[in-house]
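Heads up, there are several structures right after this.
First chain A sits with chain B, and in the next complex the same chain sits with chain C.
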Partner chain A sequence: MGPLIVYDIISDNANLFFAFLIGIGFGFVLEINGFSSSRRLAGMFYGYDTTVLKVFFTAAIVGAVGLLFMSLFNWIDLSSIYINPTFLWSTLGGGAIMGAGFILGGYCPGTSVCAASIGKLDALAFVGGIFIGIFIFTEGFPLWEEFYNAKYIGSPVLSEFLGSSRGVLTLLMILVALGMFWIGEWAEKRFARDDYKLNQK
Partner chain B sequence: MNPYIGGVLLGLVLIMAFWISGRGLGASGASKSVVVTAVKTVAPKHVENTAFYKDYLETHPNPMKSWLVFQMLGVLVGGFVSGAISGRLKFQVEKSPKITNRTRIIFAVLGGILFGLGSQLGRGCTSGSALTGMAVLSLSGFLSMATIFGTAFALAYFVRKLWI
Partner chain C sequence: MKARLALASIIIPMGLIIAAVPENTTKPFKLTANELLEEVKSGTQFIYPDQVAEMVITKDPTLQIVDVRNADEFEKFSLPNAINIPLVDILNPEWEDYIDQDVKFNVFYSNGTNDANEAWMITRQLGYENNYVLEGGLNYWVETIMNPEAPKSTSSNEEILKYNLRKGAGMALGGAAVNTQPSTMAKSSKPPITKRKKKKRVVGGC
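On to the complex of A and B.
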């Protein structure tokens, strides 16, 4: 029965060791999929390379379906899995600021560390920027504290929120993702570029 | 690698994190641990007198001994190993041929600043909030995903010179 840490099957220190191993898997998969390339990541927003969309949504679906099946077989207790809380304004505001950072900087935090690990200097600069951005947040916290804590609506899952079931929402997510994959494949042909080769080494 | 197979692999890593540790993947949380630890080391007086750091250190007495910090150390190792196997280890600045290295670095720092700030406001970044959040079907996960990618799409045209 999982999660192992919740059921005291592993110790707190073992949990940190597993965090390291999981991180290796995470970094390896990101890198091998080319997420260490800012032009590939940015390509998503111009249609010439939609790998991000394909990997990201496939992973989200596999995660959602995996959790669903594991809970059906009683392998995992879904009630012990952390669900991100929703503070409406800061979720939306933070998301918009992150989106601007993504298109200007070409990375997100996880991919920038991954790219820095293979020697991308622009990624290293991005990581430096992240530290500055977080420092601005922590130092200026009183300025946005109210906004940060506004409109708290608990930790709803979307299926509850829509009055639907986990299974139906997961199915819906799969169908939406298939539609987006189709658009992605189309976009890569439509917006292909001479100066950018897909799946380059 | 075929991106759909890559996605399945990433999903499996995510499931392992849920099954072992009861939580998903994340990236920005570790940077916050580093920032708080750095401020604490450089200016301990300032930390004692600032509510935000005091509250944070009360709930995280040892910020560097956190799940996300260990996971991010793993990301460095995993990325490096994959890069070494595929022959991609190289110091370089990656950019559109139309801009200089200097421009690319300036915008990378700027993007990092915005992403760092936004990830704190939004309580997580693309990994922790959007990817993990969507896998657990959390409302905030779908909202993060939509606003991060929506804003980037909306602004893409105006900064196209950076990339195409």
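On to the complex of A and C.
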């Protein structure tokens, strides 16, 4: 069996078209899971709604199992999958900034676009903030260029770091995920709020 | 609650299966004989001495010259900063990181074109990229870069420019000033030895 899509066989334009369709699909899944509600997103931090954890962890383990099975059947070459290289300090710094923005604004970048598209004004303000952030980052780039490029550690993979096979690590992640779902649902009861109903429309 | 049980009952068995089966390490993207034949016919693997010389002069950091002759020949004479991966050793895992990568521009050379071309075909068949063959090999290199033939005064600007580039390259590489073959060899044989040591340090560092 051949690979599903060989790199370079489909043209760049067709590639963009597929990306467009996948993007719409992604937005749809976000919206249908209520990710355009900032209360639901912020609920993750306070424990009264852990949908974010459940959706993304489910996506991760389904994706991991799917990729490994496709690799097993020779449908995909795992070595040609792009893994974003890690620059440790900028990863940590960017993560902290994004986390802070997430709690303050109630959205992450993707969900803010999702919520803005259904006309939420706070999400529009958030998108505006993203552009201000991009402007500051690019204009001030020389100031943090060194920090941005510091501590390059390539593309480390957790399974290599732990010395286990990818399959064993995936099984481990599945068990961790299911444990997290259980804890999440416990937290939803423990930190439940009177003014917030789960899965409200 | 139910959804979690359903998810668990499907994904845990799948996880168990994927943890139990050995990892698939075969690379499905090897070239077929036909694809390789097409590449050989079009000759895209060849790179001319002038291009390599220019990269050497501009100190292009992506250039990696690979000598595929045996170690004895490499000791006697090699191009600057070249590393030695004898053709018989090309499949040694020790060299895999050098020939299977997507950063450096590897140029294989041997005395003629044959050995380097064979090395290229093997690596290409494995699906490796960024490996090229020095057109004409070392013999042609000495002829064009080390001892370039001066163009006639009536030659086109292009010819003269090419000659100047070659002469400059030859000088930078420690040849050209002397026209006789043996002394060129003797002169050029020195720097590669010191530079090879430097290379070895890099091997340790990586």
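The criterion applied here is as follows: the second predicted complex is superposed on the first by the 192 of 201 C-alpha atoms of A that agree within 3 Å, B and C clash if a C-alpha of one lies under 4 Å from a C-alpha of the other, contacts with A are read in each partner's own complex, and residues count from 1 in each chain.
By definition in this document, a residue touches a chain if its C-beta (ideal position, glycine included) is under 8 Å from a C-beta of that chain, and two chains touch if they have at least 3 such contacts.
On a predicted model such as this, the values are computed, not experimentally measured, just so you know.
**Q** For A:Ile103 in the superposed arrangement: first (chain B), second (chain C), both or neither?
**A** first
**Q** Just to be sure I read the superposition right, which of the two partners does A:Val62 touch: chain B = first, chain C = second, or both, or neither?
**A** both
**Q** Have a look at where A:Ser71 lands relative to chain B and chain C in the superposition and call it first, second, both or neither.
**A** Only chain C is touched by A:Ser71; chain B is not.
**Q** Using the superposition on chain A described above, determine whether A:Leu178 touches chain B (first), chain C (second), both, or neither.
**A** second
**Q** Which partner chains sit in contact with A:Ser80 here, chain B, chain C, both or neither? Use first/second/both/neither.
**A** Both chain B and chain C are touched by A:Ser80.
**Q** Decide which partner touches more residues of chain A, taking chain B and chain C as the two options.
**A** Of chain B and chain C, more residues of chain A lie in contact with B.
**Q** Counting only touches as set out at the top, which of chain B and chain C does A:Arg166 meet: first, second, both, neither?
**A** Both partners, chain B and chain C.
**Q** Touching A:Phe28 in the superposition: chain B (first), chain C (second), both, neither?
**A** Touch partner of A:Phe28: chain B, not chain C.
**Q** Identify the overlap between the chain B-contacting and the chain C-contacting residues of chain A.
**A** Common to the two interfaces on chain A: residues 2-3, 6, 58, 61-62, 80, 166, 170, 181.
**Q** Touching chain A in the complex: which residues of chain B?
**A** Touch residues, chain B against chain A: 1, 3-4, 6-28, 31-32, 34-36, 38-39, 51-53, 56, 65, 67-68, 70-83, 86-97, 104-105, 107-156, 159-160, 162-164.
**Q** What part of chain A is in contact with chain C in the complex they form?
**A** Touching chain C: residues 2-3, 6, 58, 61-62, 65, 68-69, 71-72, 74, 77-80, 165-168, 170-171, 174-175, 178, 181-182, 185 of chain A.
**Q** Could you pull out which chain A residues touch chain B in their complex?
**A** Touching chain B from chain A are residues 2-6, 10, 15-34, 36-39, 42-46, 48, 51, 54-64, 66-67, 70, 75-76, 80-88, 90-123, 125-138, 141-142, 144, 147-148, 153, 155-159, 161, 166, 169-170, 173, 181, 193, 195, 201.
**Q** What part of chain C is in contact with chain A in the complex they form?
**A** 1, 4, 7-8, 11-12, 14-16, 18-24, 26-29
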